[in-house]
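You will see chain A twice below: alongside chain B first, and alongside chain C after that.
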Partner chain A sequence: MRYIYHAMKLNLKSIAQYRASFLMQNIAQFVMVGGEFLAVVVLMTRFTALGQWRAEEIMFFWGVMQLTFALCECLGRGISTFAGYVGSGDFDTILLRPRPLMQQVIGHRLDPRRLGGMIVGGGAIALSCVRLGITWTADKLVLTLLAAAGGFFLILGLFLIEATVSFFSVRSIEMVNVLTYGGRSTCQYPVDVYPRPLRILFTWVAPFALSMHLPISHVLGKPLFDVPMAVVWLAPLAGPLFFLLMTRVWYIGVKHYRSTGT
Partner chain B sequence: MRFLEAEGLSKTYIRRCKPKDGGISRLWKRDTQVITALQDASFSINEGELVGMIGPNGAGKSTTVKLLTGILTPTGGTCHVDGRVPWLERREHVRHLGAVFGQRTQLWWDVPIHDSFLLLRDVYSVDKAAWQRRLDELVDALDLQEFLHTPLRQLSLGQRMRAELCGSLLHAPKLLFLDEPTIGLDAVSKLKLRAFLKEENKQRGTTILLTTHDMEDMLALCQRVMVLGRGKLLYDGQLEALLRRYDTVHTLRCTFEGEADLSGLPQAIRHERDGGAHALTFAPGEIPTSEVLAHVLACGPLREMTLKEQNIDHLIARMYEEMQL
Partner chain C sequence: MRNKLRPYLTAFRVRALLETQYRGAALGGLITQAFFGLVYAYLYTAFFNGSDPAAQKATVTYVWLQQMFFRALFMSDGEMNNQIMTGSLAYVLCRPVDQHLYWISRNLAAQFVGVAMRAAPMLLLQLVVPQEVRMALPASPLAFAQFALSLLLGVFCVSQIHAIGLAFTMKTLDHRGLSSMLSLLLMTFSGNVVPLTLFPEGLQRLIRYQPFAQVLDAPIRMYQSGQPMDEWLLNLAVQLCWIAALWALGRWLWARQLRHVTIQGG
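Let's look at the complex of A and B:
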């Protein structure tokens, strides 16, 4: 932990070297995600409901996804840009250090420029709470946090797919981004608004529905699947499990690392 | 068991490429091509040795270093370093290992090098007091004082290489890998770096394996040399013995007063005209220099002469040629 902490600190120090750039990129992120937010708002004023969901409820789902994804891009930058280190041979340096590899990959890079995205996501959640008049109880709060945490690990796990593919194919295939960025765009809305194939994909393959939508639906008081409460509490675990599984696969990939000529 | 022992170490890659002909099927058909980066290399290194590795580009030097550091997993053979298999016990292995790759930085680009060194202390979990002592030593030996708090990106190439070396030695590794450490350095920096490496090897007994294209590095640092070519270990032994094997050619350039008849020279002396001068090439192992001189003096009144030893780069080029690299 001490190592991760120091690595992160060093990362921040690096970024502090380019203050203007940092500020500009944050503003850019803010504007970009803010634009998406406005699009959601516009859509919602036109079609006041989507399936069983009211506009404000959709905004809640949307906000949690934005916040979680921005957090992943911030803390998981090392994983999401990992294919680049394989291509350039920088992974050599990581292999030369006596620390667990995954720890180093995560500590390798940090991207606090995603702050803008997090603010918009948090704002959307706050706004939706006010409009819906949610009465916060301890278990609602915990469920929301679990949804965010489950989604966090799930997205990191999805980033790992591309990272693993990069060991085998020098030019990373865009295909693998379908689940990551496609998942974000699709699953910022609850899974039940989609046709069956997409529902299956995002419940059983990339389990956004289990780790995020199910707990959130209980927070909003409109349970998604007809399952006992115990399952609802355990469902967000799908995220960390997915991450662990992908980590194992990634470690297999490490054995196939080819490095580059010097 | 020796400190480092490699047995039949091999690494092959499979490269997929598009077939050269065959119309539309090129879109999905792929030919596979097996590339041998290293083939059946066996060698061992004792603790405290300073070994040089040479060979033309693509000879397998980097592959060997990467196998020994545990970066790559071999496709055949095995090796032990200090009793450990690098790619199986990576973390324990690299804890006692330092590495500097001439063209790649291991420190953080945008922060002062001292900050990088601090993080390396955590990376290797070095005791604070021991780390500080070692840092002071290295800062002193490598002359880092004046730019210890300057970001890496603002350093010159020579300064950067010194900083890299410091970073790789802070945890007092038993084994140090250097991949072309003097590449791009000016003469003074090169000399300093060589002196430092020699000292590090002698004083602390650090085992050093270095690859280089700079033959001066070799002459200055290494007694033992390994020659690699096309993925094979072609020579492993004393540098001097290797040079003796090839360093057989001297050239004597001489001019005479008036015309001289050199047709009577023995076979062992190759004679070429070079403008007004004569270039006589011979191997001291074959015919002693004194004998050559006697022959030359017998040819006519000598005005001027110079004796030149063949430059080591030429030697290596000849060696590569003979080994058909």
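Let's look at the complex of A and C:
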């Protein structure tokens, strides 16, 4: 953990050298995610409801997903661009250093440009709260944070699958994007609007429903699954568990690593 | 005339042949697009919730066609971007050809073959997609003919937009910011993110005649309804006008940029 902190500080310093570029890229991100936000607004004006969810509630789900995903792309940049290090041979350098591998990979990059995306996501949540008139209690706040944290680790885990695949095939990354970006696009809406096969996929295989949708549905007062409250509190753990599992798989991948040479 | 066009036709043929080699990438794209097609089809089915079966089917068809021809929106000539970034653009400029036309013919080849390679399996996929989210057939044989011609023009249109983007890259030397901005515009305003048909009624006139809508939105609207002669001619004219305008703008920018092009590297 201390290593990651140190590495991130160095990353920040290097980014601070290019302030104008940093600002520009942040604005670009802001416009991009803002555009996606407008798309959702267009849809919600056309339809007003999606299944049992009102427009403002959909906005809440959407905001949490955007915020979490942007945070992931910011802090987990080292993992999401990992395939590139395998291709370029950068991973060799990492292997040589006497520090734990995963920590090094995470600390390798930082991408604060995603701030723009986080602001839009956070804004969507705030807007939705105001319009829904949610009365914030401690447990609702904690559930929201748990949903974000669970989602964070889940998405990192999905990026790790891409990273692991890159050990075996240099060119199939486009296909694996389905897991991460496909997961984001699909699960920015609550899972119950989809038919059974997709529901199963995003509950049990890539557990967005457990780690994000279930706690949020309780914050909004419309429980998604009929389960005891204890399960709701534990469900976001699915995210970190998924991440740990994928870390193990990734370490297996490391054993099969063949350098591309320099 | 024929002799003059020969280098461009050859460039087209060679690039088309090259594109057929990228079957792996096409397969990867297929899986992604099939996934997104399914998800969007189900999502909009949930949105409509049976309230308007005709519009629901039309929207499902719209998103499938968008995914099927997604490659037409994919605007990254990595080769040229790299050449600008590394400076090997200098070698390209040595060819005694009209640079803009030469690039356009190569790009058209890549686009046409790329689109065809991805669209064919997506069409086959429709045979196994569940009935409720399957796309509809074209409204009539005439509608299909209108759609096919319009799609052809759409690919011409996207090539012009891409060429304009490259002209700016020649100036800034780094394509990343511009590329992502341009493809965002293209994805959004061609109807890939949200079908343009779902935008508010008052915006429809504005949104369907802008240049990005000419790429996929215009053809899909023809596929779905089969337009009466006068409306069809109007749409065709809009497409042709945009192609001509963008072509002219692209040529002008290329000529300007190439006169004092910056070559990176030593």
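Quick note on the criterion: the second predicted complex is superposed on the first by the 260 of 262 C-alpha atoms of A that agree within 3 Å, B and C clash if a C-alpha of one lies under 4 Å from a C-alpha of the other, contacts with A are read in each partner's own complex, and residues count from 1 in each chain.
Just so we're on the same page, a contact is a pair of C-beta atoms (placed from the backbone, for glycine too) under 8 Å apart; a residue touches a chain by one contact, two chains touch by 3 or more.
Note that the coordinates shown come from a computational prediction; the quantities given were computed from them, not determined experimentally.
When both complexes are overlaid on chain A, the residue A:257 reaches chain B alone and has no touch with chain C.
In the superposed model, A:14 makes contact with chain B only, not with chain C.
Of the two partner chains placed by superposition, only chain B is touched by A:2; chain C is not.
By the touch criterion stated above, A:145 is placed in contact with neither chain B nor chain C.
Of the two partner chains placed around the shared chain by superposition, chain B is the only one that A:92 touches, whereas chain C remains out of contact. In the superposed model, A:28 makes contact with chain C only, not with chain B.
Legend: residue contacts after superposition of the two complexes on their common chain; A:231 is shown touching neither chain B nor chain C. Those residues of chain A that touch chain B in the complex are listed here as 2-3, 6-7, 10, 13-14, 17-18, 89-90, 92-93, 95-100, 255-259, 261-262. The part of chain C that touches chain A in the complex is made up of residues 24-25, 27-29, 31-32, 35-36, 38-39, 42-43, 46-49, 177, 180-181, 184, 188, 193-194, 198-200.
Considering their complex, residues 13, 58, 62, 66, 69-73, 87, 90-92, 94-95, 97, 99, 101-104, 106, 108-111, 115-116, 118-119, 122-125, 151, 179-180 of chain B touch chain A. Residues 24-25, 28, 31-32, 35-36, 39, 42-43, 45-47, 50-51, 171-175, 177-178, 182, 185-186, 189, 193-195, 198 of chain A are the ones that touch chain C when the two sit in their complex.
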